[in-house]
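Structure incoming, see below.
We call the chains A, B, C, D, E and F, going by the order they appear; numbering starts again at 1 in every chain.
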Amino acid sequence: MARPDGRQPDELRPVTLTRQWSVHPEGSVLVEFGQTRVLCTASVTEGVPRWRKGSGLGWVTAEYSMLPRATTTRSDRESVKGRVGGRTQEISRLIGRSLRACIDLKALGENSIVLDCDVLQADGGTRTASITGAYVALHDAVGWLAERKALAGKPASVMHRSVAAVSVGIVDGEPRLDLNYLEDVAAEVDMNIVCTGTSDFVEVQGTGEANVFGRDQLDALLDLGVLGCVELADAQRKALAE
Amino acid sequence: MARPDGRQPDELRPVTLTRQWSVHPEGSVLVEFGQTRVLCTASVTEGVPRWRKGSGLGWVTAEYSMLPRATTTRSDRESVKGRVGGRTQEISRLIGRSLRACIDLKALGENSIVLDCDVLQADGGTRTASITGAYVALHDAVGWLAERKALAGKPASVMHRSVAAVSVGIVDGEPRLDLNYLEDVAAEVDMNIVCTGTSDFVEVQGTGEANVFGRDQLDALLDLGVLGCVELADAQRKALAE
Amino acid sequence: MARPDGRQPDELRPVTLTRQWSVHPEGSVLVEFGQTRVLCTASVTEGVPRWRKGSGLGWVTAEYSMLPRATTTRSDRESVKGRVGGRTQEISRLIGRSLRACIDLKALGENSIVLDCDVLQADGGTRTASITGAYVALHDAVGWLAERKALAGKPASVMHRSVAAVSVGIVDGEPRLDLNYLEDVAAEVDMNIVCTGTSDFVEVQGTGEANVFGRDQLDALLDLGVLGCVELADAQRKALAE
Amino acid sequence: MARPDGRQPDELRPVTLTRQWSVHPEGSVLVEFGQTRVLCTASVTEGVPRWRKGSGLGWVTAEYSMLPRATTTRSDRESVKGRVGGRTQEISRLIGRSLRACIDLKALGENSIVLDCDVLQADGGTRTASITGAYVALHDAVGWLAERKALAGKPASVMHRSVAAVSVGIVDGEPRLDLNYLEDVAAEVDMNIVCTGTSDFVEVQGTGEANVFGRDQLDALLDLGVLGCVELADAQRKALAE
Amino acid sequence: MARPDGRQPDELRPVTLTRQWSVHPEGSVLVEFGQTRVLCTASVTEGVPRWRKGSGLGWVTAEYSMLPRATTTRSDRESVKGRVGGRTQEISRLIGRSLRACIDLKALGENSIVLDCDVLQADGGTRTASITGAYVALHDAVGWLAERKALAGKPASVMHRSVAAVSVGIVDGEPRLDLNYLEDVAAEVDMNIVCTGTSDFVEVQGTGEANVFGRDQLDALLDLGVLGCVELADAQRKALAE
Amino acid sequence: MARPDGRQPDELRPVTLTRQWSVHPEGSVLVEFGQTRVLCTASVTEGVPRWRKGSGLGWVTAEYSMLPRATTTRSDRESVKGRVGGRTQEISRLIGRSLRACIDLKALGENSIVLDCDVLQADGGTRTASITGAYVALHDAVGWLAERKALAGKPASVMHRSVAAVSVGIVDGEPRLDLNYLEDVAAEVDMNIVCTGTSDFVEVQGTGEANVFGRDQLDALLDLGVLGCVELADAQRKALAE
């Protein structure tokens, strides 16, 4: 049973990371996983929220959102509905936790960075593309602070790990890497893996959408996810080297 | 390094499942994991939401909440704040997905069941206690429908699996089962495992709170979680047999 | 015409006041008027709201809420609806006023106490049970402050009165004490009486639900209400003596 | 101790009821109790809310609000705050209940009437002035329906009672009728009495603001309130006769 | 084609400006343009919002609202809907900008003035009547500050211009001044003109409701609007002279 | 006094209109006015809102929004704040009115089209760029309906006019076309002109931000705006011809 776009089961979609896509933010990356397209911006402000003042620690947080027509049919705006939905909040929290895992908040010093991940076009994997792109935007924002000598620690020590994420799932009984929308909808098991550049786990979330899953299936998905994250870490390194 | 309450690393806290704690709901269970105490009720209504009418399928959904002083310090009510927070929504969605995994919505027929999990007292593991208790409340509500001949399928086929959940984590470098609040706060890695009575996974969520984690640590936590869920499935069976 | 549960017109339902039902709050009481069951907790915080700082006066406020399935049919959560309803606010304000009538805010000193009354099971009289239980929880919270020498005045002077409340009503033309849900729905006139332990009135609220009422009926209801409050004050004294 | 405006203890402020103050509503009355000035409008719509359709019964509801600068200092608008406060809801509910007590909803037929009471200027007694004025506006709206032969019963049977309301209170130890703002603030006990034109009670709400009160004080206040309502019923009759 | 109320195309409706309509506000004006009736109040508070402190500049802002039955059919309250609608916000912003154009915020000093424009009865032109009335209320509030020596500059320099507003439109192909509701609904082009007493423009907003419009039509409407504003400035002067 | 980017006073910034920027919407255009970059999508749904059913008329509406970091400093999301701000609503309404002026809703038939204008990067003129881009997206959506034979009238008759918009203003005393952000902030008078391809006005909005303006200045701005709109209409024609 071939994949809808002809990929191998362990093959990522084409990944692009376009730095400085916007002129205003301290870091801005347009990340594309195939047709999924997310604008990740990192906004720096001096100081930290009131409850953190004087701690010597910085603060990193994230907000995820989708344009109303990023998807095949239009969704109502959350601003118009007057409340942020459960799915949006869950993904925003996941992105924030994942990025905080790769930054030393003490070395960052009392600076705040907000990562905005706005999905311009969706074709599956928007949360994992967001994490992968936000890492690069965050790296640029830390570089911006370094240039201004505004970090508490040595620049190299601030971003002590890289972090990337990918979705994996079981479709038609087959473990597959980086599901697109069609596969995501058809998946029996769906998992998001967040890994560092050295293959350690930051977060693992697996759900039996239409079925339960055994330990062997879980193991296969974890293998595939780590593989994908390593490849993404490589793409991040290349983008940052340009 | 002993656990704060003297348990073995692979030992659950005392678990009690008190059925029919309330007089009004079709199913109601007071579940206790040590000092964590959650009231789980199952409310049946005939019919399904408009978008599901005529599908022949039932609907199960869940809502989680904490009393303001379930915790060591008082939290503001979400009704007063005017919005349901991200954590609450995330947990409500997890409970709903987990319980839907153990029920055949076709055999349920066009009936709706809302599972309310209200934390009366919190000491870690409130979401996993909620899932474990809600399973028993849901079972009673299905029994109530069976007595009234209101199910579409055979009663036995409606609840085709049992489901239970437990938290596991790495504290002081040691994998431990069923963390209480003190351990939860201190955990380097924190994981929630939702399993069926036959040790299949329904949901796996692991987070490196203060650290990342390797595959071996992940494996140890999965082993521990499955073990705990098997024991909880046993407690559920006993409660339902009374 | 006998009462649904066989009581005399001037007979209360069985009343229980279980202190220290929860481990975290400074005061916590599970109050039961028959099948009506309310968890009343008192949460102490040092200091007072900004607008009261430097006044030397403390602050006592209350919040009432019902679990969604405390009633015979499920109600939507106010947190989900995004607003606190009129009935809830009205009762919260009544409880707050009633409890402030029995405490000397100057002797309390600049401490704040929030009384949370969460109805776990409803069978009529939830607001009067809340007031009666909250008094005991407040008394325990003041005791907690006394132990820590955190009161501005002498402990005995802080709670200078006791306060209790009961519903009365005219059902089938007969004045009755402490209506349960069935009677409450059928009542022609419905009244809530809040009294001190020495039979003084704190608050009187009477409504001709399905009818108007004459002065003689009003007088009979007031007599009955005072009688009930005296009996409840006795139960409070016994609970506090344990 | 004289009253601030020189009145006798049992003397109302000058009362005016100006009918047809606005051109659009089916009933509209500007009611003045001294400097308190409330615009009461009655808006008729054919039909009733969905949950009442086919019952043969009409529906009457009320909404109370204050202009931001009706008071001595400006209050924020509830529309801007995004929620209707507890006090506003409590008063809206009281007005609605009071007016429903004087109308036969069966004779009204399946028509809906909304009573809007907007306080243009406040000097104490805004809720009692609202009830008193809304009765006249409601009467005019029922007359409007009668002219169009849109009532289910005979016009005379629709408004089978008149209803009026007044505040009473104990100030400087003296029971007084119709408190203005200065007296309201200084009152030890504060009570709102809603009566029919034949001196029956519709609603009684008494609160010991700064003190508790004995049965004799309560009796004195009830006497005074009935007296005031009789006088207001007379003013209503005269206004309707014009 | 005569106008519904028999006016000439360039004729205003009768305009009245009643100062001191309310007792509490520092400035209060009931403005009437024919049957359109708006209560404009100006509320002074010492100091400015936090973001403006220490700037030496004052602050003037405006809020517009309509009573629910100001119109021919009743509208729901924005407080009940929980949000301020687009039209309301747009008009509030227009009133605020227009009034800030006629006041020297430096000469005002660090004082804040809120202009509340509440439409008691609507018959077209409510926003232009609001601006015209609010100018007079603002003038009175500045006078109140002058009496208390609370202005930073000379009283005369604070209100360095007068401002008034009027609607114009093309109805049945004819340019007309000060449209009432019937004309407003029928207008092909609708324009609001805000002018100073010396015929300078403050704001111009023209919309082709049912059609587009040419430069010659625009010119005719501008001429008519300036004419109307000059007449209104005269009415303002007379009102302030009383 | 040269313009910040060296343009002539009557010179537009480089304009690009990229059709089919997104894969999902029926019409999607990335419009750029210099560094201002807006994604305009047109979403078609069969049918119209309930209040319009059976009218034979279609419906076109618009929603405008800015990404949080489209600007030089980050703004909070309106979804997080829980309400859509006044400026956003005002612009959404303007875009909707402008686009409805160029479409024959009868020829459109009972179809609904939502125009979403999301500002990805802001440098002045975001509302006028939105209108200009949304016209092209709307044209493509109508073409999409034409291909499916889903229009009520002849395709050519549906879009009977073109519409474009541009900002003009007086900066340093000089009337200028198409202000960028720096000029917008410095402008004494600021005006938005919406015109058809045949130089008729659809909407004119002029504001004296820091000053009032005379009729001669208004005339100069109108001349400049018409000129700009003619040029933009040409760019739209070219984009649609590709």
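In the analysis below, contacts are C-beta pairs under 8 Å (C-beta built on N, C-alpha and C of every residue); 3 or more make two chains touch, one makes a residue touch a chain.
Listed by chain with UniProt protein names: A, B, C, D, E, F = Ribonuclease PH.
Just so it is clear, the structure is predicted and the values come from calculations on it, not from any experiment.
Undergrad: Fewest touch steps from subunit B to subunit F?
TA: Contact-graph shortest path, subunit B to subunit F, evaluates to 2.
Undergrad: What chains, if any, are shared contacts of subunit A and subunit F?
TA: Joint contacts: the list comes back empty.
Undergrad: Among all other chains, pick the one whose mean CA position is farthest from the mean CA position of subunit F.
TA: Comparing chain centres, C lies farthest from subunit F.
Undergrad: Mind checking the centre-to-centre distance between subunit D and subunit F? Centres are C-alpha means, answer in whole Å.
TA: The mean C-alpha positions of subunit D and subunit F differ by 51 Å.
Undergrad: Taking each chain's centre as the mean of its CA atoms, how far is subunit A from subunit D in angstrom?
TA: Result: the chain centres lie 59 Å from each other.
Undergrad: Multi-chain contacts only, two chains or more: what residues does subunit C have there?
TA: In subunit C, 82-84 touch at least two other chains.
Undergrad: How does the ring run, chain by chain, when subunit A comes first and subunit F comes next?
TA: Sequence of chains in the ring starting at subunit A, next subunit F: A, F, E, D, C, B.
Undergrad: Any idea which subunit C residues touch subunit D in the complex?
TA: Its residues touching subunit D are 83-87, 89-90, 92-93, 97, 101, 161, 191, 196, 200-208, 212-215, 218, 222, 226.
Undergrad: Quick check: in the complex, which residue numbers of subunit C touch subunit B?
TA: Subunit C reaches subunit B through residues 22-25, 28, 35, 39, 41, 43, 45, 63, 65, 67-74, 77-84, 88, 114, 116, 118, 120-122.
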